[in-house]
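Please find the structures below.
Both complexes below contain chain A, partnered by chain B and then by chain C.
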Partner chain A sequence: MLRLIKIEFLKLRRRKFVWLMLLAALFMPFLALLYFKYVKETGGDPLQFYRWSAFSYTIFIILPVVLGILCTMLIYEENQYDMLKQLWIVPISKMGYFFSKFCVVLIYSICFMLITAVASVMFSVLPGYVAFDWKSVLYLLKTCLEIGIIISFAMLPILAIAASQKGYILPVCITLVYSFLSFSLMTVNMYLHPLSSMAVIVMRNGDIPGVVLTQAINVPLAFLCICIWDIAAVLLANIALGRRK
Partner chain B sequence: MNDFVIETKQLTKIYGEQTVVSTVNLHVKKGRIYGLLGRNGAGKTTIMKTILGLTPITSGEVDVFGKNIKGREKRVYPRIGAIIETPGFYPNLTGTENLEIFEKLRGTAAPQAVENAMKVVGLPYKDKKLFSKYSLGMKQRLGIANAIFHDPELLILDEPTNGLDPIGISEVRNFIKNLSVERGKTILISSHILSEISLLADDIGIIDHGVLLEESSMSKMENKNRKYILLQVSDIDIPKASLILERQFQLKDYSVQNNHTLRLYDTALDMGEINKALVTQNITVISSQLCNDTLEDYFKKITGGEGIA
Partner chain C sequence: MKKLLWAERQKIRRSNIVWIAVFATVMVAVIVLLGGQDVYDGSRNIDNAGWYMTTAQPWATFFVLPAVIALLGSYIICREEQEDTITSLRLIPVNEAKLTAAKMIVTFSFSILLYLLLFVITFSVEAILHFSDLSVAMVLGFLKAYFLDGLGIFLAISPIIAFVSRMKKGYWLAMLFAEIYSFAGIFMSMSNTLKTFYPFTAVFGLSGYYEATIGNRIGSIIVLLLCGCLSAFILKGLKYSEK
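Showing the complex of A and B:
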């Protein structure tokens, strides 16, 4: 499996867009910087800044969309260039192929959130909007790591849909719907959608200021929601790749 | 125990309501080159895909290296090198990087395997040119390099000379031949180009509309093709010439090809005597020559039509 993951990264050589998408990790920290510069006063709570820079739109919209596009790119090109039959006769197991792609998404997601974390610290501390505080920085890193890991599992259904399609339009469209749906479902039922369940897990301690969840926090239920979606995704991928020649 | 590396028994493949391959019994012997000849859409690629387990069989059996293939047979794949249709590679990588990926996937232990394969197909090793910038011929060569670099016992090559220039075709033909002759590889090669198969194959299978019409060794096939005397006379002299041949030479086994060509299948006849007899009767003889029916003629005859290069 490790060999397959290494090879997946070798395949990404010279694919600038994949790496350029990481720049999206800077978007919310930069917006937070502007917000604090023009609206808020200095000397604020670091967690208040991090809520803006790392825990808001980044985890609900930006990262899911980026990961959805990444999932589609990872699968689509091999379809486009008719590579699968060459890979199958190497041979590579179809589930090994799928999970190696997932591992790329997982590592990418962690990197994305770590960049967000580093950028959040830099954009908050360097201009002097918040004072440097190890406790809050470690909290930010820990939470970003959690988000990076859990969100990749929450995006597994999109990877499965990408694996079941030959084109890229449907997976990208579904990514957009999937991301915005989680945002809407937060107020209805947080345990229906993997991304809103991910938010429940991340915000389980209620220590992010200004975030109010509409339902009681139930972490096992949130994990169950993600697990059910992931099992369905793996089954879909298994069937779809089994049919793919 | 037979010496067939590939054997199909009543192999049938149906897509929807269309029978693409119908009760095909194919026999590829060890160490020989088997040429699968057929028009575009005859079912060659489907047969190869079923042999590789890339597409499920509707009915029948496929044995490769004596093992019955049901779906993807992982134990057999390391012993096979294959190109199916146009070989696909990662466009953002160079040819060498592409092969190195497959080398890592296969876990090929042989040192310089990729370098040697690139050399065999005439592609530069460690070149900086990306696959996306390759010409069709270079892509095809890289596909062949990918099929051979892990030193497989069996090569399954689906139209490997597609897109190659004449010199490239000749080079590829020579090294395919060498792989069989010098290294004892078994090769199943498909083509719709008859001359390719006739120059390369030891055994030939002719497929048309999914049906294997004929399977035999190339030498037997060549022997089957009849010799004849091709006689060309002026248009108006055909009836007169036919009469002379029938009366003077008691010839019955002949055919009129068109309004100035005759084929005489009794090759024991003295061509000089025939010419002399015809000229004496004021018939204009344009040419007379001893001919062999080509494989192309034979192909047309058994498939009942045109359409092969």
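Showing the complex of A and C:
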């Protein structure tokens, strides 16, 4: 398995676009910088800034879309060049192949959130909006790490859909709908969608200012939601890859 | 040109991208409908006449449809090169500038059709829920707004489609750029000046979703036309690679 993951990363070295997508991690910290400069004052509260730069649209829209594109790219480009036949001949276990892709998504997601965290600290401390404080920085790093890990599990259904398709149009369109659905479901039922369940887990202590959750926080239920979707995703990937010649 | 448009129509009929775009539009409508179940001031949002047709516009525009349209546009332009059909087309011979123009016209039509589809869905739901509260003027106003949304969004994202088609790196870039570009509109709407001149919010100024003075509307129209000119300029230099 470790060898498969290593090979996946070696393949990624040739794909510049994958690395360019990491620049999207700077988008929300930069917008938060503009927002607090022209519209709102932070009042010196670093969590106010981090809520905008790392815990809002980044986890509902930007990172899910980036990970959805990554999932689709990882699977589609091998399909396109008909590499799968050669991989099956080696032989490589089909689920080993699927989970090696998942590991890439997991590591990528963690890197993305760590870049967001570093950019958030830089964009808040350097212009002087908030004073540097180890406690809040460590909290930001811990939360970003949590988000990075859980969100990759929440995106497993997209990876499974990408694995079940030969094309790329359906998975990427579903990515858009999937992330938008989570954003919208937050006010209806937070335990229906893996991404909104992830938000519940991240905000479980209620220490992010300005976030109002419409339902009571139930962390086990949020984990259960993610688990159910992931089990369904793994089954789908198993069936789809099993049928692939 | 007529033949090229006919050929594009035939090609797109065989591809399932149209159905996927329709699926995305329907899903946006369903998701906004779910969001409409929230209770505000003692009544569900969806029970207020016009709420659904009003709310679906920004949600669809800031989050989903521009990326889908950009994906569709860049897909139909890039696929000729990707599937190596451009070699056969060149043998006919086909004027490549006209071919690209035909593809942009198809994308433009789809942009308008997707917004009109969204209008049909939202209007049908509103009619089912409270037909008596809807007036003809209101419905025609929304029809005009959705039509202008479709037209404006095409103009706003056309530089992205043109740019990625020129780069030949294709669809991934188009989708990611379009998503971030449209999503940034949420923040641009916080400032009056940016609201007028940022292409995605300019569309809403033009369509009537945002209240705008005549001066602001003229500014928005100029920005959108500049986007169209920019994409025409980029596409003018587009040449499919020689093999």
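Note that in this section the second predicted complex is superposed on the first by the 242 of 245 C-alpha atoms of A that agree within 3 Å, B and C clash if a C-alpha of one lies under 4 Å from a C-alpha of the other, contacts with A are read in each partner's own complex, and residues count from 1 in each chain.
Simple rule for what comes next: contacts are C-beta pairs under 8 Å (C-beta built on N, C-alpha and C of every residue); 3 or more make two chains touch, one makes a residue touch a chain.
Bear in mind that the values here come from a model prediction, so they are computed numbers and not experimental data.
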{"item": "Touching partner for A:118 - first (chain B), second (chain C), both, neither", "value": "neither"}
{"item": "First (chain B), second (chain C), both or neither touched by A:11", "value": "first"}
{"item": "First (chain B), second (chain C), both or neither touched by A:236", "value": "neither"}
{"item": "Which of chain B and chain C A:92 touches, first, second, both or neither", "value": "first"}
{"item": "Which superposed partner A:172 touches (first chain B, second chain C, both, neither)", "value": "second"}
{"item": "Partner chain in contact with A:221 - chain B first, chain C second, else both or neither", "value": "neither"}
{"item": "Chain touching more of chain A, residue-wise (chain B, chain C)", "value": "C"}
{"item": "Chain A residues contacted in one complex by chain B, in the other by chain C", "value": "none"}
{"item": "Chain B - residues contacting chain A, complex", "value": "49, 52-55, 72, 74, 77, 80, 82, 84-93, 97, 100-102, 104-107, 130, 146"}
{"item": "Contact set on chain C toward chain A in their complex", "value": "16-17, 20-21, 23-24, 27-28, 31-32, 34-35, 37-38, 59, 63-64, 67-68, 71, 75, 169, 171-173, 175-176, 179-180, 183-184, 186-187, 190-191"}
{"item": "Of all residues in chain A, those that touch chain B in their complex", "value": "3-4, 6-7, 10-11, 13-15, 77-78, 81-83, 85-92, 245"}
{"item": "Contact set on chain A toward chain C in their complex", "value": "17, 21, 24, 27, 31, 34-35, 38-39, 57, 61-62, 65-66, 69, 73, 167-170, 172-173, 176-177, 179-181, 183-185, 187-188"}
